[in-house]
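In the two complexes below, chain A is the common chain; its partner is chain B in one and chain C in the other.
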Partner chain A sequence: MEPGPYDIGLVEGSISTPEEAERIVQVRKECRFLVTIGACATSGGIQALKNWADVEEYKRIVYASPQYIDTLDTASPVAAFVLVDFELRGCPVNKYQLVEVITALIAGRRPQIATSPVCLECKRAGNVCVMVAEGTPCLGPITHAGCGALCPTYGRGCYSCFGPSESAAAEALCAHCEKTGTSKPTIVRMLRSFNGYLEPFKQVGDKYERQAVNN
Partner chain B sequence: MKNKVLYTINKSELDKLIGILQRDGYRVVGPTVRDGAITYEEIESVRQLPIGWTDSHAPGRYRLNRRNDDQLFGFVVGPHSLKKFFFPPKQRLFGIKRDGESGYVFEARQPDPPRYAFLGVRACDLAAVGVQDRVFKQAMAEPYYAKARDDALFIAVNCTEPGGTCFCGSMGTGPRCTEGYDLALTELRTTFTVEVGTNKGRQLVEALEHETTDANTSHLVDLLMDNASEHMGRTLDTENLPEILLKNLSHEHWDEIAKRCMSCSNCTFACPTCFCSNVEDSTDLSGNHAERWRTWGSCFTLEFSYHTGGYSRSSPAARYRQWLTHKLANWHEQFETSGCVGCGRCITWCPVGIDITKEATTIANDVKRSRANQEAKRLEEVGS
Partner chain C sequence: MSVKPSTIERTIHVENLARVEGEGALYIKAVGDEITDVQLNIFEPPRFYEAFLRGRSYREVPDITARICGICPVAYQMSSCHALEQAHGVTVGEPLRTLRRLLYCGEWIESHVLHMFMLHLPDFLGYESVVTLAADHKDVVAKALALKKAGNDIVNFIGGREVHPINVRVGGFYRLPSKAKAKALRETLIKNREFAVETIRFMAGLEFPDFEQNYEFVAMKHPNEYPYCEGRIVSSSGIDIPVEAYLNEFEEIHVKHSTALHGRLKDGRTYLVGPLARVNLNFDQLPDSVKEIADEIGFKIPCKNNFKSIIARALETLFAVDHAIDILENYDDTPAPYIQIADKPGIGHGCSEAPRGILYHRYEVDGGGLIKNAVITPPTAQNQPQIEDDLRHFFPSVMEKSEEEATLRCEQLIRNYDPCISCSTHFLKLKVDRST
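Presenting the complex of A and B:
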């Protein structure tokens, strides 16, 4: 890294290795505003699935020479290690939202990034709700807006690339999905994708996993 | 209403009617099948109507089904009301450009709304337009809304088969259209009967092949309407409801609802009368251009109640209570009408099927029961 200081630092990716855990502290020191972008940097990303597994076992299975692999036991969001000024969600992020964050920081105002659920974008777009009209499980009601309701616009349920919305009612949505025929293991898989390690997805996913195992 | 003169037209006249409206410069909007639902879209001919389709409604569940006839309007209401045409979900209000060192240029002009002719509008949706008029025309004087609304033509269709979440009968808004239409049709097997609401409507009927409806058919229409009134999927007892709700803001049932409610805002956007919006100013990277946009907003978001010091409605229970009590109680004080027209959209299109009639009734019944118990106790004490 070229020595700073920088006005704005954009960080992608999770903290997965001891070296990254050290480097992020230095990055923080060099940047006036530290902005993390994307699901990996804001939630740990898909690689955070290892947080539920035995990393030593993974290393032995995946790598021919596991002794060369230097990794932490968990993949974590940057904000678990240093203070982050703004977290921009999404897998991938929305480029217009990225421009909005940078514009706002330059202008000295608050970025206009809604934290409400995808449903608001979906209804404003005039979409027919896939949950109600098709019975498709959809994470839209508990997912942070920003994608413009991309998947429901094409008739698919939301996968929560943007992670939990403000006051995400994961418990209520999952109870309804279960009542309408989605199995417990499927609910666990729905919650544990790009943003599975963020709350309340983690807690509710863990609860359903325990119940699935006990059944 | 039952004494109004009816005219009869053949179903084949409907294409002619659409042609006349187009010739008169109207953008004709009618129901059509799209993405597994019946939605309001711009149409050009009768062929685009949901011929032979019907819809089934339950809390959190909507399905299209085939009918065993070729009815054109054999369904209830789809996910969309007329709201989006008068109060667009996203609208640029103005732009500002930097001009020289210290000046600015405003671009405040909005494009004029299209002249809409709505075909197949239901009584509940007409009533909803009446409710929104009080908000956007009387309380706010919103120019875009007023222009779109005043230029619009309404060809309504009476509901003869209410749906599973309908309760217009309880709200006094249907199933028969009583006001706000230019023409109101009732669909029979091969004909429509037509009620004329305005001079514009009369001119349209006169341009079509029509005859005065005979007494038997007229009576049949009355029977169909009575039958529809008796077959509402839902009911809501509105007697004393505003007072009961507003005096029981701490009732435990609000917390019970909050366990199911996701605060996802779907009810507010599906509702034909909800009128809240967000206003956002944005700048571009150069800092030379700014815009102000208005988008549909919802009392279910945290941002909605944000002010200096935080959120005044941070719990989901407080947000659901705000929505329901505004709709069924405070609206009366604010706009001298209920905010609910009984269309049932908030019930059908709630992803988890929360039912406003059931929730309000649960609270009302509980309050009535405990009031009756208290009264009985009081009388007992007085007596002893």
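Presenting the complex of A and C:
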């Protein structure tokens, strides 16, 4: 890395190796504002699925010589290691939101990024609700806005590329999905995808997994 | 005391070929004229996709595998869908299979244009990056960006968004977009077509290092069309196998210096996948509109100089533009967007032509629709040993040049393979050790 200081540092990717855990501390020191962009840097991303698994076994599944692989047991959000000034959600991020964050930081104001759920964007788009009309499980009510309710617009349920919205009522939504026929293991998988390591997805997913195992 | 040239030891060590995703480095050691070691190190963090796909529903697979690559998510989605459809004993026929080709056209255009102009061209024209190149060639870069955007627009149209499309499912699509949108998209493509033609002429006029190798080219081949998702796997030395036999012919080995597995033929030989392999093995399937321009610029197959892969990319870009224009002309939004699939246990193989070459997937599914096993072989892993082999043969020809120039030419060679966006960016720290 070229020595700083930098005005804004944009970090993508989760922290998943010992070397990255050291480097992020240095990156933080060199940047006035540190912004994480995307699900991996903000929640650990899809790689964080290894946080629930035996990493030694994962190495054996993928690599013929697991002893060559140096990895941490977890893939973590950047904020688990250093202070982050702003987290930009999404897998992928919304490019207009990225421009807004940079513009706001340059102007010295707070980025105007809505923290409301996808459900609100979906209503504004005038979509027929896939959950009410067709019984399709949808994470729109508990997912951070930013995609423009893309999946419901195409007739499928939201799978939460943007992770939990502010005060997401994950437990209530999952209870509803269960009541309308979604199995417990399916609910666990729904919560554990691209942002499964963020709360409340993690806590509710873990609870449903315990129940599924006990059944 | 004078030293004989043959005892001079020279090491080229590029510590960081890349940024956060796809981190790599280059290491070359030579004693005299003899290259003693070449390593293209890939130390990208291990990501374990094949491991965590186990136990997921097959319906989730195209959404998950798309995330392996932000540049070619469509390739991952298509290989996944074809493999999983085979596992369930179904085939997606017309008109959906043609719409999948349309989606793939978009990905080739955006990926090829990005690589040709933003990543590779600065090497040929002696610029440090596309930003400095744009200062002198603003017009070309602006038109290239417009053409790339037309590719994005195709993926956006049928896939729902340009990165990690959401409209792809095993069995087809979730919803077919409207005819009105198809018409507007077709007009955009027609507007950008002329630049796709100019691009071929422009790339043909570049100066290419004289570096021909006796490559084993490997690509898909289809009896009636230029290959995207269907066909057999063929090679320049006569391999001709169905996709299901991929693992009998090719293997992946794990070397210490790389978290990317190395692909090779079962007999140990390296091979080359990507645009040059495709054009060489499928030239007869290109439409006349593309063949005529290939003829005009004097492009002959077999072309054995991979520095000219930039011309192959240009030819394929025009093909993709023309093919998309044709498909959109007859676009109809009324058919069912997907076929129904019933859960059943099975094994399926899928292979498609990612912008960088063949991408093979194999899945085993249980009766409840969950994945038991997954194998994914990306093109860059298959090309990596070939890149090292190229460097071994190429390095002596630049050994006498300055460190800066020698390193630059080696990087240019690596970029012939378009290994991935981060592996192809221009910032490098070079360490050269000379001992006598």
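One rule holds for everything that comes next: the second predicted complex is superposed on the first by the 215 of 215 C-alpha atoms of A that agree within 3 Å, B and C clash if a C-alpha of one lies under 4 Å from a C-alpha of the other, contacts with A are read in each partner's own complex, and residues count from 1 in each chain.
To be clear about the criterion, contacts are C-beta pairs under 8 Å (C-beta built on N, C-alpha and C of every residue); 3 or more make two chains touch, one makes a residue touch a chain.
All of these numbers come straight from a predicted model, not from anything done at the bench.
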### Task
With the two complexes overlaid on their shared chain, look at chain A and say whether chain B and chain C clash or fit.
fit
### Query
Touch check for A:Gly155: first (chain B), second (chain C), both, or neither?
both
### Message
Quick check on the superposed pair: does A:Pro117 touch chain B, chain C, both, or neither? Answer first, second, both or neither.
### Response
first
### Query
Is A:Ala169 touching the first partner chain B, the second partner chain C, both, or neither of them?
first
### Message
Between chain B and chain C, whom does A:Pro5 touch in the aligned arrangement: first, second, both, or neither?
### Response
neither
### Query
Between chain B (first) and chain C (second), which does A:Ile106 come into contact with in this model arrangement: first, second, both, or neither?
first
### Message
Contact-wise, after the overlay, does A:Gly181 reach chain B, chain C, both or neither (first, second, both, neither)?
### Response
neither
#### Entry: Vertex chain A; arms to chain B and chain C (CA centroids, nearest 10 degrees)
110
### Message
Quick check on the superposed pair: does A:Cys129 touch chain B, chain C, both, or neither? Answer first, second, both or neither.
### Response
first
### Task
For the combined overlay, can you note the least CA distance between chain B and chain C, rounded to whole Å?
11
#### Entry: On chain A, the residue positions that both chain B and chain C contact, one per complex
155
### Query
Can you list the residues on chain B that touch chain A in the complex?
34-37, 39, 60-63, 79-80, 84, 89-90, 259-266, 269-270, 280, 282-285, 287, 295-296, 298, 300-303, 314, 316, 348-353
### Task
Show which residues of chain C lie in contact with chain A when the two form their complex.
20-21, 45-52, 54, 56-57, 60, 63-64, 67, 70, 160-161, 163-164, 166-167, 169, 174-175, 252-256, 259, 261
#### Entry: Footprint of chain C on chain A - complex, ascending
11-13, 16-17, 20, 45-47, 49-50, 53, 57-59, 61-65, 68-69, 71, 91-92, 147, 150-151, 153-156, 159, 161, 186, 189, 193-194
### Task
In the complex, go through chain A and note every residue touching chain B.
99-100, 102-103, 106-107, 109, 112, 114-117, 119-120, 123-129, 131-135, 138, 140-142, 155, 166-167, 169, 171-173, 175-176
